[in-house]
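This is the structure I have questions about; it appears just below.
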Amino acid sequence: MDAKELIARRIALELKDGDLVNLGIGLPAMVTHYLPPGVDVFFQLENGLIGLAALPHPGLENYFLGDAGGALVGAVPGACAFDSAFSFGLIRGGHVDLTVLGGLEVDERGLLANWVVPGKMVPGMGGAMDLVTGCKRVIVAMIHTAKGKPKILKQCTLPLTSARRISLIVTELAVIEPTDEGLAVRELAPGVTVEQVIAATDAKLIIPSEIPEMKLAA
Amino acid sequence: MDAKELIARRIALELKDGDLVNLGIGLPAMVTHYLPPGVDVFFQLENGLIGLAALPHPGLENYFLGDAGGALVGAVPGACAFDSAFSFGLIRGGHVDLTVLGGLEVDERGLLANWVVPGKMVPGMGGAMDLVTGCKRVIVAMIHTAKGKPKILKQCTLPLTSARRISLIVTELAVIEPTDEGLAVRELAPGVTVEQVIAATDAKLIIPSEIPEMKLAA
Amino acid sequence: MHKAIGLAEAVEMIPDGASLMIGGFMGVGSPHRLIGELLRQGRKDLTVIGNDAARPGVGIGRLVDAKVVKRMVASHIGTNPEIGRQMIAGETIVELCPQGTLAERIRAGGYGLGGVLTTTGIGTVVAEGKRQIEIEGKMFLLELPLTADFALIAAHRADHIGNLEYALTSRNFNPIMAMAAATVIAEAAEIVPVGVIPPDDVVTPAVLVDHLVEREKLNGR
Amino acid sequence: MHKAIGLAEAVEMIPDGASLMIGGFMGVGSPHRLIGELLRQGRKDLTVIGNDAARPGVGIGRLVDAKVVKRMVASHIGTNPEIGRQMIAGETIVELCPQGTLAERIRAGGYGLGGVLTTTGIGTVVAEGKRQIEIEGKMFLLELPLTADFALIAAHRADHIGNLEYALTSRNFNPIMAMAAATVIAEAAEIVPVGVIPPDDVVTPAVLVDHLVEREKLNGR
């Protein structure tokens, strides 16, 4: 199982029946493949839909139905379409139960930076600032390090996405929960030691005496 | 022709083809009967419709279609339904070309009081404050006096509806326009003298040397 | 995602003293069955946020008739002399709010906004005791968001998972209230299978509806 | 109430240097014919308010390709490397705005509100130089309304007087832009007689649409 699949399988367990969920593009979107049986969730597209579905067949696209990346997609029966103001009313009003987003950096306060690398990459924040500030729970899905360098830091060096603390970090090494006291290691990936997590992290970690192995969706 | 009909016939001439118009209940609503030929306007109901129409026949009512007074009404082909936030977005955003409202008092500054008589009548402002503050033009349709007492005063004694100056007052005696300099008499009703208007008014009036007779819709 | 609930059971969730947003405009688009059941169960001391007090015997007016409205936030009560009497007698507290401001305050509550900046009410009694904020040389009144314990809303059609569609002027305050309350209970004139209401016609998405009241029995079926 | 206008004539109303709100999200729901005609007529120095710069060759991206966007207000430009290049080279000014804030700012412009009070952006670079207002113990960022000279919007269906209906995710910014610009020009994939679009399906009422672009000729008809 590759690192991204492991992360997606772990996060899939965080989705509860009936949840309204917003997934970022890339790794976060992989979570849809591992939904446990009996868990029916609504996927929101911030560009104006609840009820995202994959296309059943190429050639059946509709040019009026795209995802936030501009790819043409499908919709489930019972979907609902709306404008951008309503879509972000859902997000900012706390009606979205969970968002899963990628991360460039997370720091000891649980603050996320994921929208800009000044001088290099200026994509814009899109809906990220709204999602991190407004959703009930925010999970960051990311590879633990980038080119060998830790992405979990004492303090973010990149511009923050929000002043709001995220709920959970899931990497291929561990599940880490930001708390009032700092970053607590909650689960370890199969075969990973706590020393490996500490070595790959630049932030102080709270290490409970017993850390369970990461559970994964089938 | 009775006083109210005269007022309604005069105001009907203020409606322009394509206008979005909001009429208050009672005298203002009578304006619909005197629309000049070739003038197609959209009537807004602030409770959520553009395209109000009279019912063609009793017995054809729909319980999901009422006016702002709760009476069941009809709709024209090309009508549009919406929620209360959108309805007042139209009003407050300046998208309504004209509102016609009743008045209790208007003063020399052109300020209107029409929503409450403290201690006696506390109906609430409903949409009146929004309409007077937000519509492009505001016409007050009212009988010139109440039980012989002037309603056009130096200063309103009743609580104001808005700090915004209204556009025009139409009574059974005259058409009066509030201006930076004060209340200017623009037209006199057929057979009415300027002295009669002055006698029935408690505010200072600007009297041009020539005042045309009030035009009326057929 | 089982949302269907009996009418009695739905109303049993609402305690005395609860704050309720109730949809409708002069009774058009009000949740008449839920209102009737509130009365049948004798609920009292209610705070009601709604556009108006309708008329005696109609919509929110039925709650007023029964003297169970302790406090009302509305834009208009003039069509219901009974609430005027209760207000003057000190039995009920009425907070009057311009209709557009009422709509935006409810929306702000549901959209996570800090307030509404409006020119409506400036220079009138509505502005008394409220903050005014100057923005680019113009004064705006700061009106605060509204939320409630429950929203009781009425739809024209609901599907089995709770997507809601409204008809004509019965939409009014219902969709914004569905965003602004901790618990949303909806009744619908008609209930249809999922997929019958096209996505573009759904105004209130199912995720906002906590409980959908079972349909009324008709002709014994 | 004659609103039909030829495509060329519609775009001739728009001067160089105009500010344009342009609907669409990554090109889905953008007014592709109006964008093409802006290019054909060589309009330049435009201020564009829109969600994103799409991709080269797509939607607003075509205006970027032609280097006619002097200033852009958007939430996201990362999918279009060309606007990134123009920004870094100082050829274009880009103002980035969180997507929800962008939507609310446009709505506020069209609804006559003084601004938007939001928590989004607080504690980030977005808050720099902006007023923050404390309301009931919580801080909110004051974001200012947006308006424009023209809104160029795309509908799925229009009727003969200009009522507009949208399909699926092509609705996005179009309806709020139709409220926020001095002149609104709409194109539609399909045009139908009055009455074909039911009142509950009309999202943008005809009164907001100043000009409706004539349909495209198809198979010579």
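Order of writing sets the chain letters: A, B, C and D. Residues in each chain are counted from 1.
Going forward, a contact is a pair of C-beta atoms (placed from the backbone, for glycine too) under 8 Å apart; a residue touches a chain by one contact, two chains touch by 3 or more.
A quick note: this is a predicted structure, and the numbers were derived from the prediction, not measured.
Where touching is counted per the definition, the chains common to subunit A and subunit C are D. The interface with the greater count of contacting C-beta pairs, when A-D is set against B-D, is A-D.
Separating the CA-averaged centres of subunit A and subunit D is a span of 29 Å. Separation between the centroids of subunit C and subunit D, computed from CA atoms only, is 33 Å. Rounded to whole angstrom, the centroid-to-centroid distance between subunit A and subunit B, based on C-alpha atoms, equals 55 Å.
Centre-to-centre, using mean CA coordinates, subunit B is 35 Å away from subunit D. Multi-chain contact residues of subunit A (touching two or more other chains): 49, 75, 81-82, 88, 92, 134. In subunit C, the residues that touch at least two other chains are 104, 107, 111-113, 118-119, 166-168, 171, 199-200.
Taken as a graph of touching chains, this assembly has some other topology, since it is neither a line, a ring, a star nor fully connected. In this structure, the chains touch in the following pairs: A-C, A-D, B-C, B-D, C-D. The touching residues of subunit A, when paired with subunit C in their complex, are 17-18, 20, 40, 42, 49-51, 75, 77-82, 88-90, 92-95, 134. Against subunit B, the residues of subunit D that register as touching in their complex are 1, 107, 110-113, 159, 161, 163, 179, 194-195, 199-200, 202, 205-208. Contact residues on subunit C toward subunit D in their complex (touch as defined above): 104, 108, 111-119, 133, 135-136, 138, 140, 142, 144, 165-168, 171, 199-201. For subunit A in complex with subunit D, the residues that touch the partner chain are 45-49, 62-70, 75, 81-85, 87-88, 91-92, 121-130, 133-134, 159-164.
Only residues 25-29, 51-52, 54-55, 58, 74-79, 84, 87-88, 94, 96, 98-104, 106-107, 118-126, 156, 166-176, 203 of subunit D touch subunit A when the two sit together in their complex.
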